[in-house]
Amino acid sequence: MTLNNSSETAILLMHCPDKQGILASVTEFINANNGNIVYLDQHVDYEQKIFYMRIAWELNHFLIPTNKIKDYFNTLFAERYQMSWQIVFSNIKPKMAIFVSKMSHCLFDLLARYSAGEWNVEIPLIISNHPDMAPVAEMFGIPYHIFPINKNNKAELEPQQIKLLEDTGVDFVVLARYMQVISNEFISHFPNKIINIHHSFLPAFVGAKPYHAAYERGVKIIGATSHYVTGELDAGPIISQDVAHISHKDDIGSLVLKGRDLEKIVLSRAVDKHLQHKVLVYNNRTVVFN
Amino acid sequence: MTLNNSSETAILLMHCPDKQGILASVTEFINANNGNIVYLDQHVDYEQKIFYMRIAWELNHFLIPTNKIKDYFNTLFAERYQMSWQIVFSNIKPKMAIFVSKMSHCLFDLLARYSAGEWNVEIPLIISNHPDMAPVAEMFGIPYHIFPINKNNKAELEPQQIKLLEDTGVDFVVLARYMQVISNEFISHFPNKIINIHHSFLPAFVGAKPYHAAYERGVKIIGATSHYVTGELDAGPIISQDVAHISHKDDIGSLVLKGRDLEKIVLSRAVDKHLQHKVLVYNNRTVVFN
Amino acid sequence: MTLNNSSETAILLMHCPDKQGILASVTEFINANNGNIVYLDQHVDYEQKIFYMRIAWELNHFLIPTNKIKDYFNTLFAERYQMSWQIVFSNIKPKMAIFVSKMSHCLFDLLARYSAGEWNVEIPLIISNHPDMAPVAEMFGIPYHIFPINKNNKAELEPQQIKLLEDTGVDFVVLARYMQVISNEFISHFPNKIINIHHSFLPAFVGAKPYHAAYERGVKIIGATSHYVTGELDAGPIISQDVAHISHKDDIGSLVLKGRDLEKIVLSRAVDKHLQHKVLVYNNRTVVFN
Amino acid sequence: MTLNNSSETAILLMHCPDKQGILASVTEFINANNGNIVYLDQHVDYEQKIFYMRIAWELNHFLIPTNKIKDYFNTLFAERYQMSWQIVFSNIKPKMAIFVSKMSHCLFDLLARYSAGEWNVEIPLIISNHPDMAPVAEMFGIPYHIFPINKNNKAELEPQQIKLLEDTGVDFVVLARYMQVISNEFISHFPNKIINIHHSFLPAFVGAKPYHAAYERGVKIIGATSHYVTGELDAGPIISQDVAHISHKDDIGSLVLKGRDLEKIVLSRAVDKHLQHKVLVYNNRTVVFN
């Protein structure tokens, strides 16, 4: 992780059993210590009795030293309210790995935003099971690692991928139309930190060749779904979805083309929300703050 | 069926194996006999080699007597090109039956359009398995028939429903959130003439309680689907679909409310297309002309 | 206003200059007095430094008597923080008047929801400048008052309308395709309490015949906009908008038909948000809570 | 222009005053000469009495030599029916110039499709009034020409741009967020061949800073519009539009970010339709075939 120079803020993302006074306590704590709150959103699931919150505040006049904030927060609130929580600092630039197979549209969309400085992120490497996208990686000056993975050698190669990711300090992984199933072992190293794009409106058309299935079924709308990867195929918590209207004039070829535009935008939206620490997962569903 | 007084047109709706010259032959035939074409749309499925067409032309100067048009068309084109076809006349007002259970939103939407004269249709009766919607039927002056149908008595009551529909001269049936499965026997009397609204984005969430299933899965978009009823539950040819974005702030109650607006609009769009004879079914998919 | 029997809640809707501690103070006050918060959403406009909030809490164990809540709130918070605020009680059923001219689609949509009990509202009267919709009003058993208003007699008839509304205790007015401009004098009696539906995607196509203008301009999307009425035509704060894709195949007639479905849904959404006290107006823009 | 090796087809794009028999005559001519029709769509504007058509047919067994097709067509049909028409051949790769200023999102989207071979096009050059996008051009190996154009030197520099385009054999121009007004003289060299993207839902928010204007007006939806450039600013025939829902939580910064995704997709859709010869212009409106 590397530092950047923008004005520093702290971001708290948390959920816990709903109780009176959490929001008041936390905001009062920040206020009392001269933290200027610049973002607050919260959500209560009144059925499950879960409280979700994201708060961001400026650190330049905050009275608690940055390296002690997590410790204080843990003692004063997190343990008391049984929170699942994280606090991140805006001057830390997270590291994102991209996995790709042969298609370029999602990869280009991610790298174009990266290159334009749209995101606070570093992309130290791209991993693929094919050589096809190496020229794109080279255009953007990003190391490209080929692991010719398949069902037979997955048990052997995945640990090498994991080691490479961990050695590089990768924080999360984006599957940009990566056409390999990730093992549970791999997932356990990056829980809720692997973002996939599936080229259908999930839960319709799970698995391979969803555009063929959509055409066969005669739907009038196609979709794309970004989600965190879990052990069950295409069943992880959904971060973002979008759709496009189609008609009888569309054949599979035009569905694939229209779908590409959905896929890249929906995937990038999910990456954007993840990077802004606006996604909370609970019970295989997400809270995605605006 | 009853007559209305608008300027009369004929509408041809057809599909057949694609061959050179069909469109040219048919349009030339209409032109040569002084028919003024006021609508023409066609579609070729180049993979399946199927030709689909809808043509409408004015009858006031057409040289072939209206009561002989079908006969001529059959001899000159339909047999030669192995067409599945229908010709309808705009001054014939089709009869539509509505089936409903306890919810009023789709029923009101259909009857409001009916009452406003938006559609060229007659609604001679409403059928329900519950008394709840009788007051709505009464508001619009439409006979309301209650068949307290359930799994046990379906074999006994459905023939009575079919007889009532056939005695009334009903052309097609609209299931406006009718919560009973229609038997194959019933469907065989109205093939591709029973329009259902399913409260999900099919093929996701087939069957009962789709909003509960959508909530459980954590989708970010809900949908509604209108389709012709076939023997397989929620698997008939899709006529129209639409969706609405939702968020973590939506609970099942708000999904149901947002879904209602989708359901009524999507169902009415399907009825509208059906009434305009713009829907063609082939291989469990539809061509829906604009 | 009349009472209903659902479990009673209080709803606070407010905005004020943003200051530290407002949210904490208010929620603590409710908690400390045994009010169970069932809804909280807030928004800070960090540019204008305005704080917006909606809180709802159950009253059954609340320690402050219902008839003193407003007084307490005013003393403890509203004056201190210079709030624009209202507190409403869920057992009060607001009264809504509908103004209509000759078209039925929005009127039916409103009355269908009313009749289905979708809204906590009473509709004591419908006002029109034409007799056309009297039969619809009669279907739903609602008094229908005709004021044959035009430019020349507006100064004379509007005061009679205002008197009728005030005598009936009407809280807000819905213009359901009412084709008359409301005077500033009328508006001053119902500030941010007159909801209009304009049949375009404002600010495009202000004024009369927007579908003709949209057709002429060759747009590929049409829209509808619900807004509060202000002194400037079609320029009031926007509550809700939606759009539909169109193509070269649409003529003005089909734009009008497609637009109707937009208009009725968009208007009803705005009425729904208004009825739930989820709309705040500031600087001619709205905050609309989910 | 260069040749490619895909199976060759001819594409006819035309409009003319509507008369009986045009479609029949043309399709019969193609059929009679062994042309296999692989695409046919047509549209009649019954109000303006204009007939529009696009037909594509395979050339491999077509009996008329390719270099005589235009001549035959002109004699047999175009003059007779007073057609505006073009016939293009799929093995001709058109040349497209991109104009850009400082923003990369549209440029990357175009070049990513180009690089992926999504389009049958050649991009021989990129022109800009700023040096900022030179590195992107270099990544894709495309010559980048800087003309530091402004109001004062436009009369001097534009002729140089036109000469460069004409010397390079450029067929059409795409303004990918190019922040300079094109003169009428320039436009006259490329009539209906300059595609612009405007970052609003036209005709709302013509001119500069539309996101600021949208924010100020408090709209709930933003949009983007691609259109052919004409002499009147932002008033040319619209090819494609799309929109995104926004809320009170969006500030101008987030509108700009959300808008970027609209802009690039809408612009690329327009380029795609133009490249497929599916856009016809008449009376400042477009017919855009599917």
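So that you can tell them apart, the chains are marked A, B, C and D in the order they are listed, and the count of residues begins at 1 in each.
The rule is short, and it goes like this: a residue touches a chain if its C-beta (ideal position, glycine included) is under 8 Å from a C-beta of that chain, and two chains touch if they have at least 3 such contacts.
Keep in mind that what you see is a predicted model, and the values were worked out from it rather than measured.
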Result of counting contacting C-beta pairs for C-D and B-C, higher pair: C-D
Of all other chains, the one whose Cα centre sits farthest from chain B: A
Homomeric contact chain A-chain B: same or different residue positions, threshold half: same
Whole-Å separation of chain centres (CA-atom averages), chain B against chain C: 35
Distance between the centres, which are taken as Cα means, of chain D and chain C, whole angstrom: 42
Multi-chain contact sites of chain C, meaning residues that touch two or more partners: 46, 247, 249
Contacting residues of chain D [partner chain C, same complex]: 43, 45-47, 52, 201-205, 217-221, 223, 237-243, 247-249, 251, 284-288
Chain A contact footprint on chain D (complex, rising order): 104-105, 108-109, 112-113, 115-116, 118, 136, 139-140, 247, 249-250, 257, 261, 265, 268, 290
Complex contacts: residues of chain C adjacent to chain A: 20-21, 23-25, 27-28, 31, 37-38, 40, 42, 44, 46, 245
